[in-house]
Amino acid sequence: MTTAPSIPTLPIIDSPIHPALTNVSLPSFVDEHELPSREGSRVIQFREALREAMSEEMRRDPRIFLMGEEVAQYNGAYKVSQGMLDEFGPQRIIDSPISENGFAGLGIGAAMYGLRPIIEFMSWSFSLVAADQILNNAPKMLYMSGGQWGCPIVFRGNNGAGGQLGSTHSWCVEALYSNVPGLKIAIPSCPYDAKGLLKTAIRDPDPVFFLESERMLGDKAHVPEEEYYIPFGRAALRREGSDCTIVSFGRPVNFCLEAAAELANEGISVDVLDMRTVRPLDSAAIVRSIQKTGRVVVVDQCWPFASVASEVITQVVEKCFDYLDHQPLRVNTDDVPTPYAKTLEQEYLPHKRKIIEAVRSAVGKA
Amino acid sequence: MTTAPSIPTLPIIDSPIHPALTNVSLPSFVDEHELPSREGSRVIQFREALREAMSEEMRRDPRIFLMGEEVAQYNGAYKVSQGMLDEFGPQRIIDSPISENGFAGLGIGAAMYGLRPIIEFMSWSFSLVAADQILNNAPKMLYMSGGQWGCPIVFRGNNGAGGQLGSTHSWCVEALYSNVPGLKIAIPSCPYDAKGLLKTAIRDPDPVFFLESERMLGDKAHVPEEEYYIPFGRAALRREGSDCTIVSFGRPVNFCLEAAAELANEGISVDVLDMRTVRPLDSAAIVRSIQKTGRVVVVDQCWPFASVASEVITQVVEKCFDYLDHQPLRVNTDDVPTPYAKTLEQEYLPHKRKIIEAVRSAVGKA
Amino acid sequence: MSAATAPTMPKMPSSETLKQAGRVGSSPTPSQLLPDATLIRWLRDMMLIREFELRTMAAYQQAKIGGFCHIYIGQEATVVGTFAAVNHDDPVVTAYRDHGHALARGMTPEACMAEMYGKLHGCAKGKGGSMHMFDRPNHLYGGHGIVGAQTALGAGLAFAARYDWEVLNKAPGAPVLDGSGHPADRPRTPAGKKVCLCYLGDGALNQGCFHESLNLAGLFGLPVIYVVENNGYSMGTSIERGTTMAHNLVLKAAGYGIEGIEIDGLDLLSLYDKFKPYADRCRENQRPGFVDLKTYRYQGHSMSDPQKYRTKEEVQKYQERDSIDRLAAVLMSPKGEPAVGGHLGRGCLSEEQFKDMQREIKEEVRLAVEFAEQSPSPEAAEELYTDVYANPQPGLSSIRDYHHGVRNSLL
Amino acid sequence: MSAATAPTMPKMPSSETLKQAGRVGSSPTPSQLLPDATLIRWLRDMMLIREFELRTMAAYQQAKIGGFCHIYIGQEATVVGTFAAVNHDDPVVTAYRDHGHALARGMTPEACMAEMYGKLHGCAKGKGGSMHMFDRPNHLYGGHGIVGAQTALGAGLAFAARYDWEVLNKAPGAPVLDGSGHPADRPRTPAGKKVCLCYLGDGALNQGCFHESLNLAGLFGLPVIYVVENNGYSMGTSIERGTTMAHNLVLKAAGYGIEGIEIDGLDLLSLYDKFKPYADRCRENQRPGFVDLKTYRYQGHSMSDPQKYRTKEEVQKYQERDSIDRLAAVLMSPKGEPAVGGHLGRGCLSEEQFKDMQREIKEEVRLAVEFAEQSPSPEAAEELYTDVYANPQPGLSSIRDYHHGVRNSLL
């Protein structure tokens, strides 16, 4: 009892997996060109792609459960989880009351204990009542516990204007939440990526915020039969060009592609980079593209002030200032609460015309 | 009953005060050089300056009340409201239970009805549980109601690392909250400004988030006897120089001034701009300074990703790209949850050494 | 809907049952003391809401109305009966299922319909939409979209009303509170005791905000009555599946020292008879209240709900107790005779008059739709950057300066 | 503190009073069935916490410890008595007043003190601090700084434990849950029924999160017991000033269908006697519980509290019922004789032995302080960017890449 305390030296952790996170099996990732083809005839909806991702992973790992409002008996407010109650039963597909802070925290506690929760927010707009749990607990548990407990959890749901839902229901949370270290944010723009990214999110041992869009749930595209995982932090080059780089993520990527097609008619060719995850952010891909084009327009569906667009532009000037032939530009939603009226809401979004005008001005053809 | 509906044309509002906001009397503002002197012998603490601001306004306007945890009988967890219960009584200085979402919402409802609430968060770290009320209701009420109801309310409290409080208690909320249109954010760096800005905040008919710092509450400086109001959206030039512009706000302004003093010894002279409010942001002042210096370092006590620093840099490249002789740089806190250990926390902050290094590298003397 | 045709008379209880229930022969209930005209106006209010909602559904199906749209049909008695028990200047706040509240409070069907059309003459100039009906002249502090969020606002409205009465009355030169929509320079007359009505759905019972609000209300003595419009479902979740102690909700209020009551929300007269003295007590004692008001919605949760979680029979069961039919029956039954629900007939409304009223309302709502159709859309140049700040200042946005736009037609 | 000297014997009740109270002569209570050694260990645990806290206060006053620091002295019986009623692998989570929980769960005083010193051998490598004591091998899922936030985590731990028992037991090849800190490849043995203890202060009763958690627990049948460490104050606010129905808190739980109990938290033996069967029932039935555990803190809220909100006399009144003194008295009273609190004396501890124990503990804590002094500070290069992500990836930050740092000494 009276011997002087002995202070051992502690080894540096060298394994790729943190010792706090046993039972984690990261999928093995392949390069973009080795992924199964995006072309094909197995055309399904975005919501089905999400469902397949969850169901495949749930079949693999009994620790995974899905909880949220109306996910079970109602088959999902937006039918994302349709049929999952039938397959997995009420112990794994669980309807919750309207208590986002409570069930988000429940998920975090369950993740600490060793489960792999998927928590659905009917809309990320409703995640504000759960902000403390998702921002103070999930992303900080590993740090606060000195590496003892991580938080392998996926929060997912609709993000962004859903179509005349008014200002309380149209949040784009990435501008707010991406500021916080400890979490990862994925935001797919098409069914193929939705599936591949969600499967990766579920496997990842860190908390992942997965941002979908009500406006894309019905979008259809080929999704391959075979299993695939899309790694985080790798942007996809959706279209190639040489005059300007367009950087976007989530739903607006589709507006960018429309804009790019029209700009091509004017003789302006653009790179369209789909970031797919905003945290991690594949700034290397942005830099590569700007080294070619010298110009960049960032398209973001959040309000502008301190948004991901601001961050992208800041990283651009930090990382390739000398390659810039024109000041970086951004297109956000208008800087006002989301209006209900159709006329106002349409103008409010970062729509095609705004993107075209920004690119024209970047290439000096405004 | 059966006459065809007549659709009147509506006049455009032309008064400077919105018709929804009767009973508002904005103070009249003077230019910076007309404000009472910053020099003098009436030396008081930062917390006293805050208290004077509240008390003076409460004497003027019986609609103002102060609510928060421990603000009354305990005289404030940090003694900001010391003595106010004695002067104003328990109907206007009100202790609340630990229900931030509830009493923030209570304040918003009371503001709609016509009162002028000051809601104290013991720390802005605890505002996350109230995020829905303060972000979905306060800043959007005027818009959602089509101009019928504004929300004249001040939320105030400690922001940022308070000294080994760990990661749940050390939030800098400006990075998150400044994204949201409809609110204003003031963040003083010294007692003089604290008083003048808080009085303006209380008079303003819009919701104001007022960010103080536990680490500054004991700071002392001269605060003049006579009444004064500091307008929002006007930066103060705290130190003049020619080699580089430093932009900051809140507590780190003081680190910047220390760094500037040391840099002067190296022959590097800098402008130190104290923004005082981040929304509105006095980008005109930043542009003016950069037109002189050609270089800028932004110092911000939030995490870097999508922070106010990102926004400032983005606005800089939007507004004076061609004046830049060097890429804009930023100094934030480290991109990790706030650590408890003193050694780690000190390194974590945007401290003097980091600022000096950034300025050196901006002026090419790294 | 059943009220679209003249109501069939529901079966009468025997006068024996009635006497046992204390309805006949005992001292008159509050509603019995009211003039016929008042009851006829209640009936009209309920019929107006129903007709309005039918038109809303039609317009939604024609894609004239967008977003989420929550229909009030079935719950009309709730709002008409509770409003009748308070004064017009008592503040009211509610959730997103708010068309009934707007109309019953006095918003014109024009302003309400135009709002849903997203038009400039809507109550919020088309910026709020179906879920966010605000009406300052009628003291309606909004429909609110985030489940439970309005419960804290309700506490705040009650706080302010009490503060007005308790503090400002005694403060020399205190201004008239502007929540009323009156000009600032109106001379101050002493404020009286008010009571705030704050409505919420049964699903909102499970939001933390509501509990914090109950505790604040109980602690501070806030005159706010939380009226749970308990229609048995939150979306597809029956109350038993989402809420503990669903059979005894007043117990939840008891935990905050609030004495709650249960009320049958399908019978307007008995609703009023129970609610009126309760509301009076809350006002008089400046204390909070909690009402488990049992009602039912005939339509789906919103316009896109397939309603697989309940049977047609269940809906029908409630429709057979339809509140409009019941009140109409009482008004049309011979005066003094026992009528449906144990009420005494009023004999003050003929079938003719009832049909006239129906026709009138139909026309009124048709005109509202026409008005909404013809009202201009808000223009982005004028309206997008307006009403964001009451005091716009340079530097608030990097995109554009904010400004004041078109005057709200309600103000 | 009173336990620093040998306890004076409190006044004995007459055996008549005791018989009436049913303590003497009736069937043995759970604690009466326990061996002397167990009760001596309980006493030792409480004494260790108290001594540790005295040293913590001293270190704080010397500015060796920073931040907020909440002292547990006075509440020792709470944690020792409730832990004794559950198994070591039942998950536990609490608030920021957590030193007692850490020690009673089995964390070494070294790791606990080093954490407060912000040192690398602290339980969280100095990253968590006083308010955030985590101990995975001892199933302590953290102290948590945000009032009420841990109550949802408690629901989640209970959910997971029940899921383990109910779902994973039946899933072929299901992995061992790693919350236990055991290696992943340990063969799975069937999980049994667990119960989670989730502690909260009386001030946390008013956080919405707690109510959402109670409803979820009641609805889903989660085996979590919410233990309210009701010390009568949240900072300077007495429970009556902040919480409605302060005199009948179990009513709050009743609103969620949870049958709560009140327990006197200053008498460890009767605390255990009441809590043990209650906890067993919650485990067996896989149902939530709620305990209004009345206790008292002798020190201020945190180290910086001037305590003007209560009188010295009030503190003294509680110190006279000190839980350490009381248990020591029972253990030292002649075997079988009525002792303090109506318990039967054990006659198993001499004054000599008691003093030895005191000396031993003093030395143990002194060594812990020495250990903390000597443990290295975490270095920014190795620790600042570590433990942020379990799976660090490029591009997560613009400043620097994250990496894995120094191994936590508890793992």
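Residue numbering begins at 1 within each chain, and the chains themselves are lettered A, B, C and D in the order written.
The rule we apply is simple: contacts are C-beta pairs under 8 Å (C-beta built on N, C-alpha and C of every residue); 3 or more make two chains touch, one makes a residue touch a chain.
Fair warning: this is a prediction, and the values are worked out from it, not measured in the lab.
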item	value
Comparison of A-C and A-D (more C-beta pairs in contact)	A-D
From chain C, the most remote chain by mean C-alpha position	D
Whole-Å separation of chain centres (CA-atom averages), chain C against chain D	48
Separation of chain A from chain C, taking each centre as the mean of its C-alpha atoms, in whole Å	39
Separation of mean Cα positions, chain B and chain A [Å, integer]	31
For chain B, residues contacting two or more additional chains	96-97, 99, 101-102, 125, 128-129, 132, 136, 143-144, 166-168, 181-182, 279, 304-305, 311, 314, 318, 335-337, 339
Residue list for chain D, restricted to those that touch at least two other chains	124-128, 132, 144, 146, 149, 206-209, 212, 215, 219, 241-243, 388, 396-398
Residues of chain B touching chain C in the complex	1-2, 4-5, 7-8, 10-15, 17-24, 26, 62-63, 65, 91-92, 94, 96-97, 99, 101-115, 132-133, 136-137, 141-150, 152, 181-182, 184, 204-206, 232-233, 279-284, 311, 314-315, 318
In the complex, chain B residues that touch chain D	69-70, 73-74, 77, 95-99, 101-102, 125-126, 128-129, 163-169, 304-305, 332, 334-337, 339-344, 347-348
Touching residues (chain side chain C, partner chain B) in the complex	91, 93, 110, 120-128, 132, 134-136, 141-142, 144, 146, 149, 151-161, 163-164, 166-168, 171, 173-184, 208-209, 212-213, 215-216, 219-220, 360, 363-364, 367-368, 370-371, 374-376, 382, 386-391, 393-398, 404-411
Parts of chain B lying in touch with chain A, wherever the complex brings them together	101, 125, 128-129, 131-132, 135-136, 139-140, 143-144, 166-168, 175-182, 279, 302-311, 313-314, 317-318, 321-322, 326-330, 335-337, 339
Partner chain D, residues of chain C touching it in the complex	206-212, 214-215, 218-219, 241-245, 251-258
